[in-house]
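I have a structure I would like to understand better, so I am pasting it below and will then ask my questions one at a time.
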Amino acid sequence: MITREEVMFFDTDCGGVVHNLAYLRMIETCRTRLAAKLGLDLPTMSETRLYPVVVRTEVDYRAPAKLGDWLRIEGRLAEIEGAKFWCSFVMIRESDGQILVRARQALALVQMPEGKPKRLPESLKAHLLKEG
Amino acid sequence: MITREEVMFFDTDCGGVVHNLAYLRMIETCRTRLAAKLGLDLPTMSETRLYPVVVRTEVDYRAPAKLGDWLRIEGRLAEIEGAKFWCSFVMIRESDGQILVRARQALALVQMPEGKPKRLPESLKAHLLKEG
Amino acid sequence: MITREEVMFFDTDCGGVVHNLAYLRMIETCRTRLAAKLGLDLPTMSETRLYPVVVRTEVDYRAPAKLGDWLRIEGRLAEIEGAKFWCSFVMIRESDGQILVRARQALALVQMPEGKPKRLPESLKAHLLKEG
Amino acid sequence: MITREEVMFFDTDCGGVVHNLAYLRMIETCRTRLAAKLGLDLPTMSETRLYPVVVRTEVDYRAPAKLGDWLRIEGRLAEIEGAKFWCSFVMIRESDGQILVRARQALALVQMPEGKPKRLPESLKAHLLKEG
């Protein structure tokens, strides 16, 4: 899944570059669209209240983005590990192709409001095989 | 109700000052504590799902805050108007007493998830008379 | 200027609908693109540090958006008033055409880091006449 | 360094619990206060534009917080590794002592706006020895 974001004022801080939390919000948009492609779309989740919940995040900040930069976020299903699935992300500045951020997130499917973890659907594994 | 906030990196933008949305987040913390004092506390709301919902916001930005400034937010119940109540806020920089932001918000009580507006409790009016 | 946003998890709160601050972030993206169209684009601002600064915001929240809704934000230059210009916004849910939010913002041009207000360029007035 | 936060509406999402990004904002407030204790205070940074920049974040989400929970965030300088220093954080719900989130962040000192990394001050090592 590829998403694009233009760096806004609210993404930056007084250091003059994008704030570390803003990249994670952009990654979340990419991950949500990726999840939809994997069969976990927002309207369905909103009804069933079965949500993918982030259980671990790892982010490496390599180089900073600036106001007005266009960023390209590439996310993919990377691995399935028991009841968790890992997504990996890379954020690239479009003007020069520089890699700015790399991230990995582990997610579990959780039934809200009880907070009960659920087994991953077989369809996720099928997606992984197809992409791998 | 008086709350205090220290300006963090995530509150600022690359203009070097606090971003307009960050002041509203600080006002919201003040308003939430004000609501608790008025009998609308968070744990109760979380159970009853009867929430005060913002129906109108007016904000005047007078002067900017900077990284590391300590801000004082003063909020009070200002007026009751049918099924709405108005809260007013002023944000002051502690170091020099300068008024940075003035805001007013109208709120209604809404029963979620149906989104049905509810009549304001008599206790709110009592608070208003007591403060006025 | 028309922008579109899909409601993400981070836009919502535990009331089950979009949080009042999230609409303002979406409006800001629309306003930034509108400003670019009016000759105030981000890369130029980033260099000159001459920024449009919000001096007043008025927002009316009419109806709530939900997770997964697609929103359409329409922004336009509405009025010039001395050294300030007003932009107006309407947010519409695409699925049923319902108006969710109306907002108006007054902006001034400010030279950072001094924070000195600047006269509006003639080109803004030309845009206003053309659109009016 | 210990900071406390009350979970606000803007911290939660429609899953009914705190959103993963909100914990990181709370951790950032704790880290900023920790940095001040280590000699890297905000007003000084604002003047010198020598900022601690997050280069890596690792977060484990163990259990969710809810609206109105009071959270305790404990942050400490954990390790120095060349030009980077690691801070570690644990977030605890005060009502029942449950650990909700564990995180580690690696930071480097960067001179803005050039973005040039700087050597860590000797005083940081002294703090580490004192605490260890």
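Order of writing sets the chain letters: A, B, C and D. Residues in each chain are counted from 1.
As a working rule, a contact is a pair of C-beta atoms (placed from the backbone, for glycine too) under 8 Å apart; a residue touches a chain by one contact, two chains touch by 3 or more.
Computed from a predicted structure; not experimentally measured.
J.: Could you let me know which interface, B-D or A-B, is made of more C-beta pairs in contact?
T.: B-D
J.: Among all chains, whose Cα centre is located farthest from the one for chain A?
T.: Most remote chain from chain A, centroid-wise, comes out as B.
J.: Could you give the separation in Å between the centres of chain A and chain B, each centre being the mean of its C-alpha atoms?
T.: Chain centroid spacing, chain A to chain B, equals 32 Å.
J.: Using the average of all C-alpha atoms in each chain as its centre, how far is it in Å between chain B and chain C?
T.: Those two chain centres are 22 Å apart.
J.: Between chain B and chain D, what is the separation of their C-alpha centroids in Å?
T.: 26
J.: Residues touching two or more other chains, restricted to chain A: which are they?
T.: 9-10, 14-17, 21, 25, 28, 46, 51, 66-67
J.: Within the complex, which stretch of chain C touches chain A?
T.: Touch list, chain C to chain A: 6-10, 25, 28-29, 32, 41-43, 45-46, 51, 66-68.
J.: Using the touch definition up top, name the residues of chain C that touch chain D in the complex.
T.: The contact residues of chain C facing chain D are 9-10, 12-17, 19, 21, 66-67.
J.: Please give the residue numbers of chain A that touch chain D in the complex, ascending.
T.: Residue list for chain A touching chain D: 14-17, 20-21, 24-25, 28, 46, 49, 51, 53-61, 64, 110, 112-113, 115.
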